[in-house]
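One chain, subunit A, links the two complexes that follow: it is found with subunit B in the first and with subunit C in the second.
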Partner chain A sequence: MTRFEVVRTGASASGAQPATPRNVPHRGGEANPSAKALQDKFSAAIKRVEVIWAETIVYVAPASAHEVIRWLHDDQSQQYDFLSDVTAVEYRDADVPIELVWQLRSLPYRRFLRIKAQLPKGMPLEIDSVWDIYKSADWLERECYDMFGIRFRGHPDLRRILMWEQYKEGYPLRKDFPLRGRFSRSEQLRQALAQNPEARYSMEELTIADAFAELPEDMRERLGKGERTGE
Partner chain B sequence: MGLTAPPEHRTVSYAPESQEGWVTTRMDFLVNWARANSLWPMPFGTACCAIEFMATAASDFDLARFGMERMSFSPRQADVLICAGRVPFKLAPIIRRIWQQMPQPKWAISMGACASTGGMFDNYAVVQGIDTIIPVDVYVPGCPPRPEGLIYGIRMLQEKVKNERSSDAGIRDEMEPDPSSQLYIPPSVIDELGEPFGNSVNQTRSGL
Partner chain C sequence: MSKRTVEVELSTSGLDAQGRPQRIPLVTNDGGSAVALQPPPGLEPDLEGEHMLINIGPQHPATHGVLRLVLELDGETVVRCIPHIGYLHCGFEKIGEYRQYNQIVCWTDREDYLNSIGNNVAFALGAERLFGIEITERCKVLRVIASELSRIMSHLVWLGTFCIDIGAFTPFLWAFQRREEIYRLIEKWVGARLTTSATRVGGMAADIPSGWMDGLRQFIRTFPHTLDEIDRVLTRNAIWVGRTVGLGVMTPDEAINWGLSGPMLRASGVDYDVRKDFPYLDYETYDFEVPVGTNGDVYDRYLVRFEELRQSLRILQQAADRLPDGPVNIDDPRIILPPKSKATSEMESMIHHFKVVMEGPRPPIGESYVAVESPKGEKGYYMVSDGTAKPVRWRIRPPSFVNLAAIPKMVEGHLLSDVIAINASIDIVMGEIDR
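For the complex of A and B:
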C-alpha cells in the first residue's frame, strides 16, 4: 500500500495498517499526487513544487491562491476538507518575499498539502481570505493579521486577536519589529492600562443576534448605536 | 514502672466559680493575630508558578496550616493577591481591576521571577514586574519557587501583618493612580525598572 492510496473507513481492519514512513529522503521524495493534479489544472498559477522530507509544498501565485484552495476543497478527487493552519513566514533577507502558508489536510485521502504564496515586500500585503471556504480560517487569519499585518480581503471581521485592539506598535512577528517593542516601558504600560477589556464585542461577533434581547441593557444600547471597539 | 505519677498528682481539683479566666492584651496584637492567621488568598495564576501554588495548597504542603485554606475566587472577599506567573500587557488592566476590587486591608505577593521582574520575558508583550501595576508586599524568587519558598513568603507576610499598627492611618489608604496615565509610580521609574539586565543587555535589536 503506497502512502497516497485512498483509505476508506474500515480499510485498516482488512490488515493494511497505516505505517510511519521510514527512510524518507530530504529532497525528491514521492510527491503528493495532488501536486500533479494542480499542475495539470492550474499550470499558469503553480510556480513550483518541492518535496522536502516527504512533505509536498506547492508555490502558487498570490492572485490564484484562493481559486486553487477552493478547487482543492471542492474537487471530489482531492477533498481537502480540513484547514490546519494559516500562517506566514518572513525571512531575514530583505529580498526574499514574505510567504503565506496554508496547511491543508484531506481526511478521506489521508493527505497533507502545504500551499505557499509569496508576497513581495514593498507592496501592500494583501491576499484573498479563504474564510468563505473554511470557516476555521477566521481566527487563524486574524492572528496572521495581528502578527504580520497581512490583510485578508473578504474576511468578515479582521481585527487583532492576540494583542489588544488598540495596540499601536505594529506587527510583532515582522523582522523590523524590535524585540522589546517600539515604545518605552512606561508608555507601553500606560497604553495597556488604557485598554478596555470589557468592550470587545462587536455586533458582527454577536451573530448570536438572536440573543440580543437577553443582553444587558447598557450593552444593547451600546451595540444598538453601532459601537465598535478598536477603531 | 517509675513513670507513673504519684496519686496526689493524678487528680485536679476544679472549682468553676473561682476559675473565671481573663487575659489582657493589646488590641493591635489581637487584630493582627486574627488577620495574619486568616489571610484569604486571591489566586491569580497565569503560568507554571500556579502549578507550584496548587501544590502548596494541596495536602503535602497544606497551606491550611497557615489559615489560607479558603481560596477566594472573588476579589471582594480576598485579603492577599498572589500573582503566580507572568503577566502580559493584555492582562495588566485585569490584574489592576482585581486589585482595586479587593477591600482593605489587602496585601499582594508576587510569586516567581516573571511576576517580580518579567523574568526571561524581556519582550514586547510582558509586564516587567507587577510592581509597576499594583503595590507588592512580598516578592518570592524562583522559577518557579518551590512550595517551601512560597510558604516562606507567606510567613514573611504574616510577620508584616503582625507588626502593623492601627494607629498608622496611612497604611490603609487606597492608592489612587495618576488620573492621566493611570500609573501608581512615575514613568521614569518604570522605564528604569524595565531596563534590560543580565543576558538581555546583549540582545541586539532585530532590524533589517
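For the complex of A and C:
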C-alpha cells in the first residue's frame, strides 16, 4: 500500500543544524554576513548597521532601498528569496522619521535580515515598491498604504485593503490618529447610513459585467466619468 | 512537476483477487485537473466571451469567515478573481500601542482564534526576546505541548470544514469530536476554551493541574485511530481525489515569491519549516519530520496537513515524556506577579504586585521579530519598544493574509466549484487576516 511519504526532513541547507538562540545579547553580537557584503557593495546607500537582540538591521537610503533589495534577491551569494513582511513604524517622538521595514529571509542560507528606510516627516511619504521582486509585497504594501499612507511607486493596484475605499478619516496607525477614530460616533453613523446599499461592487468590477444598464443612476454617471473606485 | 498516478478506490464493495478493495488508477497531468473528469472537447458551447460577474460572500459558509470574492466567469471558468477583506478589521495593532505587554496577550487569542494558545506562545516568545528573558525548561516544554495541541486543533477544524466544503460530512464529525477532547484539556489547564490567554511574559498563567498529563497521554494514545479512520475514508476516495488533484497549483518558485508559508509552501515542495530552520523552544531537540509535497495542488496540501497531525502527535509524546519538574515562571519580581498568598501577606511582594499590574514590565529600547510555525504558516510578531511599558509598534505578520493574497493566481482558469476547494485549502482565518 503506497501511502503519502515524507519526502525530506528538515531544511535542505547544508551546514550545522540551527539551534534555539540562548542568552541573546541586547546590543552587539555577531552581525549577519550580508550586512558586510551590503556595505562593500553599496557603501553610500547604507546608512548604518545595528544588531539588536541578535537581529541585524541595515538602514538604507530610501532612494536606494529598491536597488539594495533587488541585489539581495538576485545575488547568488545572498539569495534573499522570501519576503516575510513589509511594515512601517512611527515613533511617539514626532521628530523621529517614519521607518519602513522589510523582513527578509534567505531560505537557502537560513539567514534573516531586516532592511529599514527612514522617511522624514514633512516630505511626501513615498518609496519604490518591491512588488516587481516579490509578489508577496502586493497586499503587504497595500496594507502599509492603508494604515500609514505611504505610497509605493510602481505598485500595480495601490488601494485601501482593510478599510473601505471611501474611508475618509485618514491613516489609522499614524500616531496623530486618535484611538477612537477621528470622526465622532454620530458622524460615523451618518456616513454609514448615507452609503448606497445597492452599490456593492467597485467601479473596476462593474466593468466586468454587462450589468451596466441595471446599475443605479449615480453609479452609471460616475462610471461614465471613468471613476475607478467606490462602492 | 512530474506526471503521477494516484490510486483511488472507486468502490469499497468490490474486492480484487487479493481480497483488497478494488483500485483503479486515476492519471493526472501536470497542473491540469484529473483526466477522467474533464469534459470531452466541444461539449461546452462557445459562450462568445459573455462574461458574468458573481459575488461570493461575505456571509457565506464556504468562504470560512467574512471573505468576499468577486469573480468574473466565462461560462463556469474563472477569468478573474478580486478578493475583498477587512470586514472583521478591529485595529488590534493600534490597540496594542495603548496596552502593556501582558495585556496584549489577550488580543493574540482573538486574531487567529483557532490557534489561540499557539498565538499566546508566539507573542510571549517575541516579548521575551524584547525583554531579554530566558524562560525555564519546564515552561519551554509546556509551551511546546500548547503549540502542538493548538496545531492539531487548528488542522482538525480545517480538515472538517474542508470536507464539508467538498461534500463529505462524516469526517467533520470525527474531527470535531476529537477537537472537543483537546478543548477539554485546554479548559482544565487555563480555564478557557477559545480565548485562552495562557502565557505571560516570562512564563505561563498557570501550571498544568495534577492528573492533566494522563488526559494528554490518553489523547495521544487514542487519536491515531481517528486519523486512520479519516485517512481510510478520504485519501484514496475517488471523489475526494477527483475534487482536489491538480487544483490551484503553485510551483516552488512561485510559492516562495508569493510569500506562502506553512503547509501551503511545503505542499509545493519547499522544505521550509520555522521549527527546523529558525528553531525556537528547543524544537531542534525533538525528533519529528517535515512533510513536503511534490505537486503543490490542493491534494498535496491535504496530505501535508494530514501528515503534520501525526508529526505533532510525535512531538507531543516526546514532550510528555521529557516534561521536567521545577518552576514554570522565571524568578524576577519586576516581570512576574508574585503568588497571591505572598502578595497579601508580604510587604515587598505586595509592592511588586502593584508595580507589575499598574505600571507594567518595561523592556529596554529595542525591537524584535520572532516568528513561529503556526498551523497556517510563519506567524511573526514584530515589536518595537522605546523603553516604556507599552510598545511603540506591535505588528502581526499574518500567514493567512499573505497566503490568501495568492488566491487570484490560484483560482484563475479553474471552475467555479473548484474555487471553494482552493479557498478551503488555504486554511484562512479571517480574524487573523483582518486583525
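Note that in this section the second predicted complex is superposed on the first by the 176 of 231 C-alpha atoms of A that agree within 3 Å, B and C clash if a C-alpha of one lies under 4 Å from a C-alpha of the other, contacts with A are read in each partner's own complex, and residues count from 1 in each chain.
Keep this in mind: contacts are C-beta pairs under 8 Å (C-beta built on N, C-alpha and C of every residue); 3 or more make two chains touch, one makes a residue touch a chain.
Just so it is clear, the structure is predicted and the values come from calculations on it, not from any experiment.
Participant: If we overlay the two complexes on their shared chain A, which of subunit B and subunit C does A:Ser184 touch? Say first, second, both or neither.
Facilitator: First partner only, subunit B.
Participant: Using the superposition on chain A described above, determine whether A:Ala194 touches subunit B (first), subunit C (second), both, or neither.
Facilitator: first
Participant: For A:Pro124, decide between first (touching subunit B), second (touching subunit C), both and neither.
Facilitator: Once the two structures are laid over each other on A, A:Pro124 reaches no partner at all.
Participant: For A:Pro216, decide between first (touching subunit B), second (touching subunit C), both and neither.
Facilitator: neither
Participant: Just subunit B (first), just subunit C (second), both, or neither: which does A:Ala94 touch?
Facilitator: In the superposition, A:Ala94 contacts subunit B only.
Participant: Between subunit B (first) and subunit C (second), which, if any, makes contact with A:Val24: first, second, both or neither?
Facilitator: Touch status of A:Val24: second partner only.
Participant: Under the stated touch criterion, which partner chain does A:Pro172 make contact with: subunit B (first), subunit C (second), both, or neither?
Facilitator: both
Participant: See if subunit A has more residues touched by subunit B or by subunit C, and give me that chain.
Facilitator: Counting contacted residues of subunit A, the larger count belongs to C.
Participant: Using the superposition on chain A described above, determine whether A:Tyr134 touches subunit B (first), subunit C (second), both, or neither.
Facilitator: A:Tyr134 sits against subunit C, while subunit B stays out of touch.
Participant: Jot down the residues of subunit A that show up as touching in both complexes, subunit B in one and subunit C in the other.
Facilitator: 92, 162-164, 172, 177, 179
Participant: Please output the residues of subunit B touching subunit A within their complex, sorted ascending.
Facilitator: Residue positions touching the partner: 89-90, 92-94, 96-97, 122-125, 127-128, 132-133, 181-183, 187-188, 190-191, 193-194, 196, 203, 205-208.
Participant: Which stretch or stretches of subunit A touch subunit B in the complex?
Facilitator: On the subunit A side, the touching residues are 92, 94, 162-164, 169, 172, 175-181, 184-190, 192-197.
Participant: Which positions of subunit C touch subunit A when the two form their complex?
Facilitator: 7, 50-53, 55, 70, 72, 80, 82, 85-86, 89, 91, 93-95, 98, 129-130, 132, 134, 235, 254, 256-260, 269-273, 276-284, 289-294, 303, 306-307, 364, 366-369, 371, 378, 380, 382, 384, 386, 392-393, 395, 397, 401-402, 404-406, 409, 434-435
Participant: Spell out the part of subunit A that touches subunit C in their complex, as residue ranges.
Facilitator: So the residues of subunit A touching subunit C come out as 2-4, 6-13, 17-20, 22-24, 26-27, 52-53, 55, 57, 81-85, 87, 89-93, 101, 103, 107, 110, 112, 114, 134-140, 143, 147, 160-164, 172-173, 177, 179, 200-202, 204-206, 208-211.
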